[in-house]
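See the structures that follow.
The two complexes that follow have chain A in common; it is paired with chain B in the first and with chain C in the second.
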Partner chain A sequence: MTTIGIPRALGYHRYGTLWETFFDELDIPFLVSPETNQAIQSQGVRHTVDESCLPLKLYMGHAAHLLDKCDALFVPRLERLGPRDEFCVRFWGLPDTVSATFQKAQLLTYELNSGLPGTHERAFLKLGRTLGKHPITTARAYARAQARQREVDFHRFSYARAELQATAPRILLAANPYITYDPYLGGTVARLIAHLGGVPIFTDAWNRTQCRAQAREISTDLYWTLNREMMGAVHQARSQVDGILLLTAFPCGSDCLANELILRRVNDVPVIQILLDEHQSHEGLTTRIESFMDMLEGRRRIG
Partner chain B sequence: MDIGSISTKGVVLDETNHVLADHYLLTQGDPIGATRRLLRELQAQLPAHTHIHAIGTTGSARRLVGAMLGATAIKNEITAHAVGTLSRHPDVRTILEIGGQDSKIILIRGGIVADYAMNTLCAAGTGAFLSAQAGRLGLTVEEMGPVALTSTTPARIAARCTVFAESDLIHKAQGGHRLEDLVAGLVSAVAENYLANVGKGKAITPPIVFQGGVSRNQGVVAAFEHELGCEILTDPAGHLMGAIGAAHLATDSGRLDTPFQFDLAEDAYQTHTNPCTLCPNHCEIVYFYRENICLDHWGNRCNRGGAEGRN
Partner chain C sequence: MKQPRVISFPHMADYAVPLELLFGRLFPHAEIRPAPPITKETAVLGARHSPDFICEPFKYNMGNFIEGLEAGADTLFQTGTGCRYGYYGELQEQILTDLGYDFQFICLNRDGVRPRQVYNTLRTLGSPLTLPRMAGAFAVAVESIRAKDKLADYVRRHGGGNGLEDIYNKFLQALLIADSVPKIFTLMRAHLKQMQDTSQTQPAPPLRVGIVGDLYTVMEPFSNYDLERKLAKRGVSISRRMSVTFLLFGPPNRRTLRQAEGYLRYPVGANGLDSVAQSVSYAKQGFDGVIHAKAFGCTPELNAVPALMNLSRDCDMPILHLSFDTHLSPAGFETRLEAFLDMIEMRRQQRHADTCKSRDGHRFHLHQRRGTR
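Here is the complex of A and B:
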């Protein structure tokens, strides 16, 4: 029986439950790489060109970690959800980047590219065929996987609703999910906020369809799915949080544009932008977050 | 105490917030040694039997020196600078600050920090940049200001990135631009770069106080006045604002159980770095010892691993 390796990076932080449940339902053994750590980052840096963004470097680190532990790497090609809803080009080219980097690696993939309704399901039916499964079995597995992913998402949404009622300073951590949920990136920042007595709330905890529509309130032209969802969440949350922390990893082209739009157009709540890179020291990060929290505290005192 | 990357500053305030003693020296990559030298100097300026009741630290080595001296307040530079400046300029609305590796802008409204921005983790356009370029031109940092003021036709130099600025600077120098024009170009590039990045989108309204090590450079002050079209205040004690703020924060945070002994700094202090082996993160945990007793440790991403390898 072949084992499938799933890198815990990029798309995993959005579709992880869907993927895991799908393979579970089809009785296909899989292995998810561990949470990002220093060793994975170093491996990723070794396997990517310098100019790559940090999240792609981490992805390659996760892939490298899985290489000799599985028979095939699961590397989907996520292109678009709708006609004006695109993932960043790193997602488009991911299977190519991985196979060019690890030439001996066996890849298992699916493509999300037509932007028409039902694309996701059709992609998974095709994936089932590749895996030698009957279409009805695959369709059932996909339905269960999708339901499970919805449940997990809904749980995250209701958790965030509860956090919004907190009396401690509520900080909206605005970032792409692969940054937010990577304990090495967003996790470090969320821990620092909590350590300083604040409540971190993630932009990935708002209904995604609503977010994509609401993003128009800040920018009508943006077409990157993840940035639009983040922007829509910022718009919906801005009156309910004490501060917004824009978290981005160096160098991210779409964040550069989206965050600049937010910085210019969201003026009713304090916003800070923090740029993550391969830095090993947390001193700069601590200074920035601590001073931001001090400022919010001062503003609350004055009222 | 304000222990920055380039310089270390210290002040002693009395009950009425008057400065009894102050000193400024270069950190030279040794915050513990700098603190020791600074404390000796402060003690020499004070009357005998002065009791120190509270200690505050700020700056990038605040945690290390905070542990060393048993500080009652350990605070980030933004808060310390705002508090320090407000104590001397209660009506200030904008604080421009350029230090060794950080630059920041703080907007004060109604006596509190209303907004601020800081450079991203890159140190372009800060004191470290200026001192590197001064070295290239064969000047000391102190000489740069007066030299810049003598220029009438500053060279245009991009200070967005240290590497770009260096190649710009070399090309202009090789192209025959005069030294004072190069220096004037550099200092106005620092001011322009600051306003275009850190100061972007911020309502910079007077009174404006400019501080941090770079504020001692008259060339940069003149460049800011030119760019903003209004008077820029520099306090003779501008380099001490962080330390003064830390002292105020310390006063508010309570008293030391026993008055501080200056000779505490003469004890043997040591740091020891131990890569944690409990997980693949290999956090570089720094343990800090006084006379072989561990005072504190930091650098670990999680709570595990801290106690291991203490003594």
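Here is the complex of A and C:
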């Protein structure tokens, strides 16, 4: 029996539950790489072009970690969800980047590229066929997996809404899911905020469909799904939080445009942008978040 | 009387000429004033008002816009299709507004490039042309771009020396007053003939280098530190598929994927796939080397890099990866370029020596033995 390796990075933080449940339902053994750590990061840095973005470096680190522990790497190619809903081109090139870097690796992939309704279903049916499963079994597995993913998403959403009622300074952590949910990146920041007495709230927890529609209130032209969802969540939450923390990784191409627009157009809440890279020092991060929290505290006392 | 509109647009290589031609026809009552030529100041000015690690073209465009507005423009033109370029417009408009400029921003971005919409936009801006006449104006512009690209390609292939560049510049001057497709065509034929007469057959076959990479960096000489002219000075014959003609009429991804021969299996955004497919064809044609030029952080081109590295190793063809940003030092760049050219030249001599050896190996062999003793 072949074991499938799922790197815990990029797409995993959005579709992780879906993938895991899908393989579970089909009785296919899989292995998810451990949470990002220093060793995985340095592995990733070794396997990528130096000017690649940090999330890709981490992805390659995870892939390298799984390489000799599984028979095939699961590297989906997420291109678009709709005509105006694209993923960053980083996701487009992921299977090619992985197979060019690790030439011996077996790849298992599915493609979201037409942007038409039902793309997801078709992609997974095709994936099931590659795995040698009956279409009905696959369809059932996919339906269960999707229901499970929805459940998790809804749980996150209701949790975030509950957090909005908190009395402590509420800080909206605006970032792509692969930064937010990576304990090494967003996790560090969220822990810091909690440690300093604040309540971190994730933009990715918001209802995605609603967010994509609401993003228009801030930007009309944006076509990157993840950034649109983030922007929509920022718009919905801006009146209910005390501060917004834009978290991005060096050098993220879509964030640097979208965040700049948020910085220029969201003027009713304090906004800070923090940039993460592989040379990040914990002290520097602490100082900046501390001073931001102090500033929020000061504003509260006055207002 | 109402002041005439002053239209300005950013630069990319010498495409200001056909654009000026186009806008002149679309808005006969307006003044067309392309942004002042790109200088070091433009780059600094643009970088100051741009997000930190945005790609280079954004910064140059930004500098162009500010200088254009300072020079009196009140209408700015920007397009936007492709990777990040599609999102330039909205942010640039916001930044310029924040800087306190008063202007109108025409942005033909993804949603705005449908013919009907273009027509409506242009009419509201005060173009008196009917739809067929407008289509005619676009046809002339496209033809002039094609003619320009064809001649520029000839100049590049023949090393740019022998006064070829002068003929090319004369052609650009003449292009400004050409007003119909046949006229442009005859103009192009005449100048091409002139070029062919001027360029003599070179004594030795020159080094052949292909240039691939992201569209702006590859085309705009200021952003690639005059890469092509530097190569031409060494007498290198350059092949570069990328041009506006290529962007408009290039092959569809399906065909390009086939040409990439398995080095890439999916499109990787913008022109990443083209870079790989073109490099494969250069390798097949036995080019001495390929230069892969991109703006720092250009994701589609970064996606292509691992594939290019594999190609370079498999086909034994050197590929120089250059990443341009405003902090690159010209001296460092020149050193790397010179080292690359020296290396491919030595490789060629080595190959030449190898073929000589195999042709009359006996004599050569003896001679060598004597030498070593």
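The rule is simple: the second predicted complex is superposed on the first by the 302 of 303 C-alpha atoms of A that agree within 3 Å, B and C clash if a C-alpha of one lies under 4 Å from a C-alpha of the other, contacts with A are read in each partner's own complex, and residues count from 1 in each chain.
By our rule, a residue touches a chain if its C-beta (ideal position, glycine included) is under 8 Å from a C-beta of that chain, and two chains touch if they have at least 3 such contacts.
Computed from a predicted model, the values in this text were never measured in an experiment.
Within the superposed three-chain model, A:H279 lies in touch with chain B and out of touch with chain C [touch as defined at top]. Once the two complexes are laid over each other on the shared chain, residue contacts for A:R264 go to chain B and to chain C alike. Ranking chain B and chain C by residues of chain A touched puts C first. By the touch criterion defined above, A:Q240 reaches neither chain B nor chain C. By the document's definition of touching, neither partner reaches A:T2: not chain B, not chain C. Using the contact criterion defined above for the overlaid structures, shared-chain residue A:L222 touches chain C, although it does not reach chain B. When the shared chain is aligned, chain C comes close enough to touch A:Q103, but chain B does not.
Of the two partner chains placed around the shared chain by superposition, chain B is the only one that A:T287 touches, whereas chain C remains out of contact.
Look at A:S158: by the touch rule set out above, it reaches neither chain B nor chain C. Look at A:R90: by the touch rule set out above, it reaches chain C but stays clear of chain B.
Applying the stated touch rule to the two superposed structures, the overlap between the chain B and chain C interfaces on chain A comprises residues 264, 275. Listing the residues of chain A that touch chain B in their complex gives 34, 37-40, 188, 263-264, 270, 272-275, 277, 279-280, 282-284, 286-288, 290-291, 294-295, 298-299, 301-302. Of all residues in chain C, only 51-55, 80, 83-84, 86-91, 94-95, 98, 109-111, 263-270, 272, 296-297, 299-300, 302-307, 309-310, 323 touch chain A in the complex they form. Listing the residues of chain A that touch chain C in their complex gives 49, 51-53, 77, 84, 88-90, 92-93, 95-97, 99-101, 103, 111, 219-224, 250-254, 256-261, 264-265, 275. Residues 60, 75-79, 102, 110, 112-118, 120-121, 201, 279-284, 299, 301 of chain B are the ones that touch chain A when the two sit in their complex.
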